[in-house]
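Here's a structure for you.
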Amino acid sequence: MAVLGATGSVGQRFVARLADHPWFELRVVTASDRSAGRPYREAVNWLQTEPLPAVAADLVVGETSPDGAPDCPLVFSALDSSVAGTAEQAFARAGRLVVSNSRNHRMDPDVPLLVPEVNPDHLALAELQDRGGGAILTNPNCSTIGLVLALKPLVDAFGVEEVHVVTLQALSGAGVPGVPGVQVVDNVIPFIPGEEEKMETETGKILGRLRGSAIEPSAVRVSAACNRVPVIDGHQECVSVRLQRPATVDELKEAWRGFRGEPQRLGLPTAPRPAIHYLDDEAAPQPRLHRDLGQGMAAVVGRARPCPILDYKFVTLSHNTLRGAAGGAILVAELAVERGLPERLPLG
Amino acid sequence: MAVLGATGSVGQRFVARLADHPWFELRVVTASDRSAGRPYREAVNWLQTEPLPAVAADLVVGETSPDGAPDCPLVFSALDSSVAGTAEQAFARAGRLVVSNSRNHRMDPDVPLLVPEVNPDHLALAELQDRGGGAILTNPNCSTIGLVLALKPLVDAFGVEEVHVVTLQALSGAGVPGVPGVQVVDNVIPFIPGEEEKMETETGKILGRLRGSAIEPSAVRVSAACNRVPVIDGHQECVSVRLQRPATVDELKEAWRGFRGEPQRLGLPTAPRPAIHYLDDEAAPQPRLHRDLGQGMAAVVGRARPCPILDYKFVTLSHNTLRGAAGGAILVAELAVERGLPERLPLG
Amino acid sequence: MAVLGATGSVGQRFVARLADHPWFELRVVTASDRSAGRPYREAVNWLQTEPLPAVAADLVVGETSPDGAPDCPLVFSALDSSVAGTAEQAFARAGRLVVSNSRNHRMDPDVPLLVPEVNPDHLALAELQDRGGGAILTNPNCSTIGLVLALKPLVDAFGVEEVHVVTLQALSGAGVPGVPGVQVVDNVIPFIPGEEEKMETETGKILGRLRGSAIEPSAVRVSAACNRVPVIDGHQECVSVRLQRPATVDELKEAWRGFRGEPQRLGLPTAPRPAIHYLDDEAAPQPRLHRDLGQGMAAVVGRARPCPILDYKFVTLSHNTLRGAAGGAILVAELAVERGLPERLPLG
Amino acid sequence: MAVLGATGSVGQRFVARLADHPWFELRVVTASDRSAGRPYREAVNWLQTEPLPAVAADLVVGETSPDGAPDCPLVFSALDSSVAGTAEQAFARAGRLVVSNSRNHRMDPDVPLLVPEVNPDHLALAELQDRGGGAILTNPNCSTIGLVLALKPLVDAFGVEEVHVVTLQALSGAGVPGVPGVQVVDNVIPFIPGEEEKMETETGKILGRLRGSAIEPSAVRVSAACNRVPVIDGHQECVSVRLQRPATVDELKEAWRGFRGEPQRLGLPTAPRPAIHYLDDEAAPQPRLHRDLGQGMAAVVGRARPCPILDYKFVTLSHNTLRGAAGGAILVAELAVERGLPERLPLG
């Protein structure tokens, strides 16, 4: 198995989490030409709090091309969006199963945008791809994942018509260098380029229905306002929803607390148990206290209360670089493997 | 003129801004019994970035009672809400004009809740008070002020039916000690006790109509979600509004940019000019960059854009301890003085 | 085994780390009278990032007295210094082995101030205590521990005459509430009450020699300047040392890298391996990246280079609430148990 | 008068402070070729808290060459060090008086490194420059300025032999982008490239003596350890000094409090009065509270106390982008103008 773009911040998270994965063996790391040929430990400016895994340290960084990753039917892409589009397509053409965290192919009609607890059935769309034998699976934007995880039990139980979300997003979501330090201390930045549009469109696709060879987007209306706050990890979101059917606050809490998704049913290695934590403390969730629940893979919900305009308000939190990036993509791959997708390659 | 509760953080702001006020002369500072009798410079733990004003340094701290503030027809109250209710009432009974930043009397039916640019006509309510000759005027909660300032031009031009607001509020709003430092670094707290209720009810009163001897609240529906963020000063708010009459984004911007309130027309000393700044930069406003516009007395608006659920979204920022506390109360007093209210005491 | 003062921030860390300790079984938690009689999960405002351990959740909080902790020969004290002095003495009188994180008894002539890697032989002092059968062992101040850990290999190899240390200390060291949030954002506070004196005197005692029934303090001269910085956990220290014997930078690095202390030799459960990490990166150590090395029990050293005034400069980092508080005290207890001290109670 | 490199963060500070300078008229702003030809308000990403001055807004950005700044005998350089060396030399050759904040020429033997309160007599060195008629004056590194300001009264009164300094430096000192935001929250970085060397060598030159046509460096020994902390503006420094002659703490405080430098005697427009504030509060100075004293031009000193290794310890603070950059350079220019240097051009 390979990690493309392994030296960047998302790439490092892939390496950290794949180092001792029970199913996947990290064999290849790729990066830009500048780094190719050097041992990973020298090519990377390792910024994770866990030490660089021994299994990765001595891997020689390869070029980001199918030839650079032989014997890797499964590849994770942490490529920058400036190069991910073409590179991922090349890997798919070479018969590989690409699980990507980049935004380039997310809205392609034949590419599933997967949150395994939310729309596992969309995986079937991958089998209809005509990309030369391989396939591309994608992970949503980090701010979308926490939202749809929190919405899913409500969609199932009551239906959701409208979603108003204001985010307080962590700095790590912008990568490195991201936002300059001098702009984040004693400050909040009320704009993240492209983020509101991504949340508004990706949510519709994820909550949509697979009809024949296409996803019919959900009719849910989403309004997003995105802010960057001085938090390292953890995207917090203030959500108001209009439901299709009446519900009480207690029924909402039951829906969250009783939720089990497909990854939990299948016992996938990276699946958090539970997928959603509902906290009763009136001042919860908080990024620093709760982002690591479920090894950073869970959504954490709190403060459910009536909304004078829509029906209910609540707060949701998820770890943007674990659940929202590398961890989420790994869970997608686990779902695909459990469902036997790699064995059915080449497709088409 | 006197400042009640002059040693606290809001009280210090009053002292700082009244030290060289062209109309008002700071003669009396009061505090709890523990501090009474000591020179102000010794009794206070001065935490402002400007030096302690010379005019205040040697004032002997008095007790918080009308007798402790003789010859002060005008008193500003920065008292803690645990004592403000009774103390302010006592001053009013003694014939004084009390301008209060505390929450105790804000929702009293005979007490105007004033933002001079928004509802200057509510001042007339004070003349109907039957509190023994004096009167109480109040300033809204710091998060409400920025909101109603930004709403006012829209209310006037298009009507506003619904307001959905999510706040990112500064630490200074909680006073000292307020939130412990260990809870604010790398964190966001999604709950401020009582704050959402205050925003939802105060907005209706301020935007209401004076009918006879009472305020008829506005029918506007307000939904507030309040967060504490690691920012020193400046409450930022993500607002969505539903209008009564159609408008374009450009018309909204014109409404904000063309707005002049009564304080601007009267040329009150503390009135910011303009009252509202609309910024075109897509990443504005930001607390650290823009909270001091108009000497911290202006509202700063930006990012007006359509809202897929209500009609429009925008961001507003105002300085919570200047406009939102001491400065706002001083502007209320200036309006009252300009309108001759002190000369008409005793009332009733 | 009992934890005294279990609801405070250090107490919570004790509970978190003792919940699954291989040797010690958490049976009793005590707190102030206000909390006594309630289940721990209700009495505590749990602020740790790990969930409240199940083993502690339902323990009924007891009073802080020997009767409140029957069958607990070993007690950990996280008591506030306002009550620790008397309470710990009472437990010692009742024949218990008290391992304390409080400062009250640290400088008592008959109480060892222990960092197990540095002065394990001082443990013998406990056997000479005449406190009614039990004994008190103490853990140094959180800023002292990281310093003496980093100094120990230099003391052993080259001798250390002078130590100049400037600290950049984390907020968690001040407990909750500690420093108000409004004072820590965009700021540094160059004063921590009593801290410089503690570092200067405790270092001499820890590096001193056990002679008969007393510790002869080391002749090392220490100058400390202590600062509070907006960091959650991890005390970073800029150290300059004058050595007794000449050494090269490489020899210093070898001394740190080759160091093994008694806890490492004994394989104590909480002992970090290695005890000291020397990092070559010129921008290391950093609190957020490196405080958790060795499960927060290691000292992390970097940037060794010549000092134009003393001989060498370097930077050291240690986790103030893990190594510097609960974890350090647990390691002290492990050393005492391994050496058979509890079996030799009652003493004297 | 011209500002070279006017769009960068230091350049913006020059523009902000020169806009209403009583002596200097801002006529020309230059930047890289990319920006040349555009109005300043469009070319700049204005990040100051004060609004962009009207006088600068419509200036057309020129190329950074003497021809691009005709009729400007005085030029301020905020150029990046990658281009400052050559460009400043070209301006000097063209007969201009260059006052530079860049490091390139600071250690040139014929270039004075000026802090007007400390070494105003070094200005005479400029007249000996043989650079084609003009001259280059430089401003020290932002961390050096605060140090030498605080040292100067001690040097004059008692002599200073050794200086041990540990800095806690603000983010703005690194410019934009500088340190990534994700690395500064909940963190401290114990390394600033080149900074320690600059402090150690610049201090010797500034405190040196002008002998004939050269500066004889002071014999003072300086050891610097530099840290970046999450503070926006204000470099705080923990200093220990060894004096040549004995002194008491009170004598030190008197030396600081009684200090008047040449800019204060001459009444230069940008000179702070006093140049040095000594604060008695045991927790002072603090960057957020005290960096703006003297309009950000003063040094703020506190916590003088004995040092067990050297003689005394204290803390000093100065505003790194005001005193430490643009403001300091403007004060240098004021001194040069007051002394008639521009009239004596061309030199040589």
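Read from first to last, the chains carry the letters A, B, C and D; within each, the first residue is number 1.
As a working rule, contacts are C-beta pairs under 8 Å (C-beta built on N, C-alpha and C of every residue); 3 or more make two chains touch, one makes a residue touch a chain.
Source: prediction; values computed, not measured.
Trainee: Compute the shortest path length in steps from chain B to chain D over the network of touching chains.
Mentor: 1
Trainee: When I count C-beta pairs in contact, which pair ends up with more: A-D or A-B?
Mentor: When A-B is set beside A-D, the one with more contacts is A-B.
Trainee: I'd like the Å distance between the centres of chain A and chain C, where a centre is the mean of that chain's Cα atoms.
Mentor: 40
Trainee: How big is the gap, in whole Å, between where the Cα atoms of chain A centre and where those of chain B centre?
Mentor: Inter-chain centre distance comes to 42 Å.
Trainee: Taking each chain's centre as the mean position of its Cα atoms, how many Å separate chain A from chain D?
Mentor: Computed value for the inter-centroid distance: 47 Å.
Trainee: Using the touch rule from the top of the page, what residues of chain B touch 2 or more other chains?
Mentor: Answer for chain B, listing residues that touch two or more other chains: 47, 183, 185-186, 230-232, 288-289.
Trainee: Any idea which chain B residues touch chain A in the complex?
Mentor: 162-164, 166, 168, 183, 185-191, 200, 221-223, 225, 227, 229-232, 236, 238, 240, 282-289, 302-303, 307-310, 313, 315
Trainee: Provide the residue numbers of chain D that touch chain A in the complex, in ascending order.
Mentor: Chain D reaches chain A through residues 47, 171-172, 174, 176-186, 230-232.
Trainee: Using the touch definition from the top, list the residues of chain A that touch chain C in their complex.
Mentor: Touch list, chain A to chain C: 47, 49, 51, 185-186, 232, 288-290, 292-293.
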